[in-house]
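In what follows, a single structure is set out as structure tokens and then discussed.
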Amino acid sequence: MSKIYMDHAATTYVKPEVLEAMMPYFSEKFGNGSSIHSEGREAKKALEAARQSIAQALGAKPTEIYFTSGGSESDNWAIKGAAFSRMDQGKHIIISAIEHHAVLDPCHYLKKFGFEITELKVDEDGLINLDDLKKAIRDDTVLVSIMTANNEIGTIQPVEEAAKIAHEKGVLFHTDAVQAVGQIPIDLSNSAIDLLSISGHKLYALNGVGALYIKDGVEIDNLIHGGAQERNRRAGTENIACIVGLGKAFELAKSNMESESKRLTVLRDKLIQSVLAEIPESRLNGHPTKRLPNNVNFSFKNVDGEAILINLDLMGIACSTGSACTSACTGPSYVLQALGMEYRWTNGSVRLTLGARTTEEDIDTVVGALKETMNRLRMITFKA
Amino acid sequence: MYNDVVMDHFQHPRNVGDMADATSVAEVGSQECGDTMKVFIKIKDDVIDDIKFQTYGCAAAIASSSIATEMVKGKTVTEAKKLTKNDVVTELGGLPDQKIHCSLLAVDGILGAIEAYEKNK
Amino acid sequence: MSKIYMDHAATTYVKPEVLEAMMPYFSEKFGNGSSIHSEGREAKKALEAARQSIAQALGAKPTEIYFTSGGSESDNWAIKGAAFSRMDQGKHIIISAIEHHAVLDPCHYLKKFGFEITELKVDEDGLINLDDLKKAIRDDTVLVSIMTANNEIGTIQPVEEAAKIAHEKGVLFHTDAVQAVGQIPIDLSNSAIDLLSISGHKLYALNGVGALYIKDGVEIDNLIHGGAQERNRRAGTENIACIVGLGKAFELAKSNMESESKRLTVLRDKLIQSVLAEIPESRLNGHPTKRLPNNVNFSFKNVDGEAILINLDLMGIACSTGSACTSACTGPSYVLQALGMEYRWTNGSVRLTLGARTTEEDIDTVVGALKETMNRLRMITFKA
Amino acid sequence: MYNDVVMDHFQHPRNVGDMADATSVAEVGSQECGDTMKVFIKIKDDVIDDIKFQTYGCAAAIASSSIATEMVKGKTVTEAKKLTKNDVVTELGGLPDQKIHCSLLAVDGILGAIEAYEKNK
């Protein structure tokens, strides 16, 4: 049975071109980027070339790109770094209610240091309201953080407008772009965004590498103090192989983003339309058009998400669910709950995220598998 | 994640369905999880002659429902009332820690139906 | 010209066996360890197997090993996590004066939050004095952090004794074992050490992966908040390939530590004796016997470290210097200064760190190259 | 890190040594760096007829010393006194940013020797 991987939002495989670019840096060109001997200088050169590729893909300057260990570190650095650097000016932070845990949790941690957090509500499609943001900004607000696109439901937020509102009030603006980078165009050359988080393993580079964009002139506290790497802002011997891979992944993403995002949007919409037409009591979660080209998120009434997932896995389809019964019974995902749906809908959610190898045939197979699964499970279920 | 016994009962649950001539029926739900179960039993001479269930819940809840109904089918009411969560988990060959509590639903459902029968007797 | 790499303390190459173990996790078994589909479960299994290998090599329990992005993150997590978790109890931290920047800098950052730092002096061999430690502990001391072995001079500290002293006073004990791990035996099964930092790229695994040992029952604040990875203590999708590599590196280190450390000690001592005998005005920095098997650190009077380094690089030898004129003229390394030497000695330092591929022939070549270099440079120099 | 000109002057410094019959001698040191230099000059008819140096310092300091002594050799004292750090860096084809200041040592040394000569004239 050949497998269909539809969980690219969780993690992507490493593209062959990316791995090929990384290979020389494991055992041959393995120098420490801070050393002055020739091995070290070669490592340094590769590092700066990768920084250049990433900056170019984002319309940023190379001096604005700082390498990290991934999206979670970037988010933590941005949030805590901004907060701690400005705690004399105020202790209020605004985020959306559907931020990733890597933004939510550092914010809640900051309460220990006296910070207050305002969570903006979202509408039934997952969009924030810009008027709410305007009203929420206070004199002591030091940071606004709104994600570019949501990891569960794929909804794309009006971050540029939100950043402008924050800037008008002199407040820093961060966006978690982990899911958006490589999928939708991001141009920071004329942007009000101060801080932007990136993770490698969502765009076909390896896990454990990411970056934080920090606009030139924006000062935030370091998160990882120590060595002078990353112009004294992020200590730790650089992960050259993975960084080179990240650079390559950005180059690939930039060069084929237009065609690939069109291709994925067609497949995505076919999957959405087929399922909504062919499976009763199904609905799409997230915005119908303002959504990532690769993201599909369904709810099926009266069926448990985990049960769906296991059935699909047995049929060779890997995807994920927003119902949280996997770790402990804490109920369905806070993101789906924020959309205002009932339990019997939120708990029956399935996220299918497409990728570079997804074909039209895969879509047909998945639609068939979903139909079969819902039929099976709805025979067993105690309907509400 | 789940062992073969659990997977078998999840994929091919026994005793699923409803029953027009049930002696008694119970509906139970776990507040914690949102999982719910409906149990139909037919009692003849104080023995559980037939049992059917419908369960809304995760794989562990469905598998527990299936195996628990098998465990009590053909037993006397007195015997069936001794059913515990541990019996169900043991019969399933174990559940992941965070899923143990899901087996409670089936026990509650079966005991609920028996209780309803005893009340109306 | 074949190159001789003598900078293993800066970073090691990735051993072929390690790379081989990593390979399947780039593009095939690339699942997210938190996913419940079979790809995710396979990733999770590999992760736990690596944790097991590392725990076993250190005499720890698998539940005491937490993966991080490297030594710097581990140090920052230990220091800030311990400090912030105990700031109600006190705000005093004790470290040695020759800690790595990844320990020093987070400590100094903590001053912003009201913490006081005591730096213990070291003797001319780089050893701390345990009586000094006893005297330095105050009622409001919350953490003692002493490195297992120094990265520049290789001196091995009496950390177990230091940990016992800290424990007697109810104070947490952290050790930065980045340079020691894989080189000298570490047994945590009966140890008073609460926290211990590990970095992959010092023992033939990749850059950008490391670990923090946290003794069961020891609570410290998280550094990277977010997802539930690492039992809710370190967020971020796990870097499976690199972690698998780290596990393999520990297995290799454990299996050949005895023979390899003997082999390196012989080569190390040959290098030391030859240079001290054959090059005038040379001295060994660090303790003569309580030192890492692979570490050699010389000072040559009246010669500048950077100048030596460049000469050696031209002769195909990669090593490093503790004179800091590489980035800005801030003078020689604080570690060498802490040993109480004059400028004309501290500034002429060279660190040569041996590794798995170092041969006796390499040692002879290096001795010859050092002689030639000192002759050349001492002809130019303005002697003090 | 360093260009070919710098490397050449570092590896094969010109005018290294001392001079028994120097017209004047200067010793200078950069407080900042700990680098130090000793310069010997022989002056004939107000022209720098010969020059020698000894430098303790990094590659940039040594290369600057070498090229700067070449630059002033054969020049009149008046011309030589116009030597600046920028001239030296330019002649070297550039230095890494953090190394620019190292070229100051050579300029200070040469100007120091000239000053000593003029004082004693």
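Order of writing sets the labels: A, B, C and D. Residues in every chain begin at 1.
By definition in this document, contacts are C-beta pairs under 8 Å (C-beta built on N, C-alpha and C of every residue); 3 or more make two chains touch, one makes a residue touch a chain.
Bear in mind the structure is a predicted one, so any value in this text is a computation, not a measurement.
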Inter-chain centre distance, chain A versus chain B - centres from mean C-alpha coordinates, in Å: 41
Intercentroid distance (Cα basis), chain C paired with chain B, Å: 57
Multi-partner residues of chain A (at least 2 other chains): 36, 306, 310, 326-327
Multi-chain contact residues (two or more partners), chain D: none
Chain-level touch network, classified as line, ring, star, complete or other: line
Every chain pair meeting the contact rule: A-B, A-C, C-D
Chain C residues within the chain A interface of the complex: 3, 5, 7, 10-16, 19, 26-28, 30-32, 34-40, 68-73, 75-76, 84, 100-106, 108-109, 112, 199, 201, 206-209, 221-228, 235-242, 306, 309-310, 312-313, 318-320, 326-327
Contact set on chain A toward chain B in their complex: 302-304, 306-307, 310, 314, 325-329, 331, 343-344, 347, 379-384
For the chain D and chain C complex, residues of the former touching the latter: 2, 7, 10-11, 13, 16, 27, 30, 32-38, 53-59, 61-62, 98, 101-102
